[in-house]
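Chains here go by letter, A, B, C, D and E, matching the order in which they are written, and residues are numbered from 1 within each.
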Amino acid sequence: MSGLLRREWQVALRAKGAVINPVAFLLLSTTLFVIAAPDTVSSDAAAGILWTLVLLTQLLALDAMYRRDFDSGVLEQTLVGSQVPFVAVLTRIFMQWLSTGFIMTLAGPALGILLGLPVETAPAIALAMLLGTPALSFLGSIGASVTVGFSRGGVILALLVLPLFLPTLIFGAALVAAAEAGSSVMPQVYALSLISLIALAIAPFATLAGLKISLEMQ
Amino acid sequence: MSGLLRREWQVALRAKGAVINPVAFLLLSTTLFVIAAPDTVSSDAAAGILWTLVLLTQLLALDAMYRRDFDSGVLEQTLVGSQVPFVAVLTRIFMQWLSTGFIMTLAGPALGILLGLPVETAPAIALAMLLGTPALSFLGSIGASVTVGFSRGGVILALLVLPLFLPTLIFGAALVAAAEAGSSVMPQVYALSLISLIALAIAPFATLAGLKISLEMQ
Amino acid sequence: MLGVPPMLTLDEIVCERDGRGLFAPVSISVHAGDYVELMGPNGAGKSTLLRTLAGLHSRYSGAFDGVDCLFQGHRLGLDGLLTPLENFAWFVGLEDQDEDRERCLDALQRTGVLDKAYQPCNEMSAGQQRRVAMARWLLSSRSLWLLDEPLTALDASAQQVLAEIIVEHCQAGGAVVCATHSELPIAQKRSLKLEAFQSKADGPALGGDQSGESFQE
Amino acid sequence: MLGVPPMLTLDEIVCERDGRGLFAPVSISVHAGDYVELMGPNGAGKSTLLRTLAGLHSRYSGAFDGVDCLFQGHRLGLDGLLTPLENFAWFVGLEDQDEDRERCLDALQRTGVLDKAYQPCNEMSAGQQRRVAMARWLLSSRSLWLLDEPLTALDASAQQVLAEIIVEHCQAGGAVVCATHSELPIAQKRSLKLEAFQSKADGPALGGDQSGESFQE
Amino acid sequence: MLSTSLKRLWHKLGSPRWFFALTENWVKAAGLSALVLLLWGAVWGLGFAPADYQQGNSFRIMYVHVPAAMLAQSLYIAMGVAGFIGLVWRMKLTDVAISACLPLGMVITALALFSGSVWGRPTWGSWWEWDGRTVSTLVLFFLYVGIYALREAIADQDLRARASALVAMVGTINIPIIKYSVEWWNTLHQPASFGLTQKPAMPSEMWLPLLVMVLGFYAFAAFIVLVRMRTEILNREMGARWVRDWIQVRSER
């Protein structure tokens, strides 16, 4: 149990830059965006743009989520005769969120300002991402588990999970927009929390099933 | 020689959906955008948005560009005692462009209209992408060749190549904008062609060097 | 051994791929202390059978029943970024035991890669990685081992150690099923041969309309 | 053999990793018709040496010089999505010959996987993939073969075929360097042993000298 | 014959030991001039230069900002050149140079960004404006980060050297393109913001100290790079005899 968590840590640290990189990518794509479409840098669209880029960043990270373990056979060992496959999967998902969603949450407010959001909305951005990103990791994990066996999983994965990300995207953007308009954000808070909870409820089982299917492909 | 080209074809067809997927992803992310930030759907920003998404799509595809061949050892065979490694790399890059850049060029105009660009700009969009996307494949190939040996290449790749994509992004978007404003697009046409040519000049050598380095990592 | 339930029983089992059986039905019951050598030409279905017994391949007819097993496939299941000790810590974590540094080091000593204890696995040679994987078996509490071509990449001395480890495990009341092409130097062994069907056509027709597929797609 | 230049000459070569030499310097010159068996314990440096000779590893001291070689590493170099025939077409394309369907089928026949000719390689067993890779050697025009543990996953009959193929290649004026742990049934062989350094400290300290690279470029 | 002698020369140039001996005194020179120039320029610029008629004293940030911005670019180009030499002539030394320039370049670029945005607060009224120079500097920073991440990811020294050399080279080839395109884009989209698009016509008592500061920054960079290179060389050649001798000589002093 502790062994599982520790390993995730070690890998995260060992696979250099795995932690800093998502933020770097997010920052990078935000920049591209503003450069390509400077006129969009108006606070009304900023929230939506930010969230879209968060989704795409998450997508990029998800593709690598299980691939190493699949290729090295670590996945087989995780599922065969293990006492705690469920825990193992949960640990992995949690670490994935920590190294993407959580980090992005920390960077989110700064990027929002970069995109022209008023400074006052910073807490709202952080809140929205804190509540929303877990859903991305949980749902994404399902897609990643099913596509890990494919040679060109990347884009198929995108097709599978992006639709699932849609609600998070909408409410996340709405929360920030509401905060900006000065109206209450509670509805969006409830919505995001609910989505994340549902995702949490189904993800581990679905992921386990997906991984089993992928392992049968060899 | 013909064998090389044929293989690329067969793989592209065999790796299910490798051809259709980039477009699907582009379409999907465009939709996300329109949903998340409806206010941005104003023709003045559309070109920039479209190009940013093209870049990200290309990025997603680039990560897989050499990975399969690296893992299977096909890359070793391509470089060891081969009479035509140079041709082999060029073929691969060309096919990569054909299955991403070119396909996106075909889909571009439709997406532009989806984003609110006037129908008259359709030819301009196609032209811009036709001239611009080769640079993405060429420069991207360099980054992919250096990062293929890593466990989590994805985001490092992004860090390496996205800055190099910037000029293409700027002139590509500018071309469409110019066409929309009804002014001459020749400056951008020249700029894009020049960029692609320079990329073409350096890519094959740099890619070969990068692949050799990656192969030494095992 | 009477009265003791077998650790693993196969009964008329046939693994299937693309809807056709791979080999003539096999039945065997493996008891504590048994070392079973799984033989058969290339493509006979050894790996598939082992994966089936490990629960990694669910397309089969017939039935089998067995205790928790330790599976060692073609892919070693070591995390290349981690050192052997870190890999072990994770592995015993899967069995919900907590690690014992001493045992880990002894195991590495036993398989002759103690000097690599603190080096990432992807910086080892093929054989050294195999040796690390071997050391891991010694830490597992599972009594049934399923090994797929464990001799791969091992030099003479390591092959000797492998044989000893297997024998000891059997004497300690464990059981081992091992697919291999070159026989291990082990005295008491049972051998399980996978007979390929004479011709593909003889395969049990499960939806015979698919019979072409194994050649086409 | 007098007057004929050797196909491969190693001159005091030492492969390096992390800045240390792996084995005591080796020198040998391989002539047409030679079959050289590269022996050594796990981690001795066999694979690294072969990769060096193939130009896939540039960190070494000493020098070597040789003709174009065919390299068969731990990774087979078959595209799993393609059938053997498609893989062959691509492979001969690399050598700038155009394919000859007949020869391809004969080669597959020879290695006993003719029935898999139209099946994607990732749908084959470990040994069958090895056999396909073996068949590919027969199509190559290169005279120097570098094989890393080619016996892996092969059953008895396939090992026999492998030995025959090597012998024929040597008789046809080719040369083979083969790293293996279990000797092949080949009568005329030269053997090259990699002696590990007594202690790591004995490794040659790398000064500023880059003598190896003059040949590399 | 000639080619071999040339090769030998290059090997000499590339040999860390030779470089180490050569730069023994350069370090002191660079360090000293950096100290003098920076002190002189700082006192002059911050103390005596007249306040700007528009911006008051906030313009004095220029004395940090402009040299930093210039140095940031120069350091990257230096890396690119080193990379090129390293790839073509297989020198060990060039990677030492890259490893010395990289962190410094990142810091200096960050400094340019920071000083710039601090300056932006009073002049633009915002911390950040999307402007040609700001963007090209930001992208430059990303290029640095990219190489840094790459180096972090490769364990083997030799491979790390070749990979980062290659990437630095490709990046340098692209820098002019990036700068040009961004400047061009800037004139296209952005209203020209003060002090960035057109050089402010400064009185000489304003830009002379700037000149001194620029020189000081470059001297400082030379100092840091040399020191880092020398320590790196000692690290890598630890086993070699000449290092032990050198250390002995040092300890005997």
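Note that contacts are C-beta pairs under 8 Å (C-beta built on N, C-alpha and C of every residue); 3 or more make two chains touch, one makes a residue touch a chain.
Everything quoted here is computed from the prediction, not taken from an experiment.
Counting C-beta pairs in contact across D-E and across A-C shows that the higher total falls to A-C. When each chain is reduced to the average of its Cα atoms, E sits farthest from subunit C. Centre to centre, using the average C-alpha position, subunit B and subunit D are separated by 37 Å. For the pair subunit C and subunit E, the distance between C-alpha centroids works out to 57 Å. Taking each chain's centre as the average of its CA atoms, subunit A and subunit B sit 24 Å apart.
Counting partners per residue, subunit D has 58-59, 74, 80-81, 120 as the residues that reach two or more other chains.
Among all residues of subunit B, those that touch two or more other chains are 15, 68, 71, 151, 156, 159, 162-163, 166, 170, 216. With touch defined as above, residues shared between interfaces to two or more other chains in subunit E number as follows: 139, 142, 145, 149, 153, 156, 182, 185.
On the subunit E side of its complex with subunit B, the touching residues are 87, 139, 142-143, 145-146, 149-150, 153-154, 156, 159, 162-163, 166-167, 169-171, 173-174, 177-178, 180-182, 184-185, 188. Chain contact summary for the complex, subunit D toward subunit E: residues 17-19, 58-59, 205-208, 210, 213-214, 217. Interface of subunit E with subunit A (complex): residues 127-128, 130, 135, 138-139, 142, 145, 149, 152-153, 182, 185, 189-190.
Within the complex formed with subunit D, the subunit E residues making contact are 7, 11, 14-17, 90, 92, 156-158, 237, 239-240. Every residue of subunit D that touches subunit C in the complex is listed here, in rising order: 40-43, 47, 74, 112, 115, 118-120, 124-128, 130-131, 149, 152-159, 181-182.
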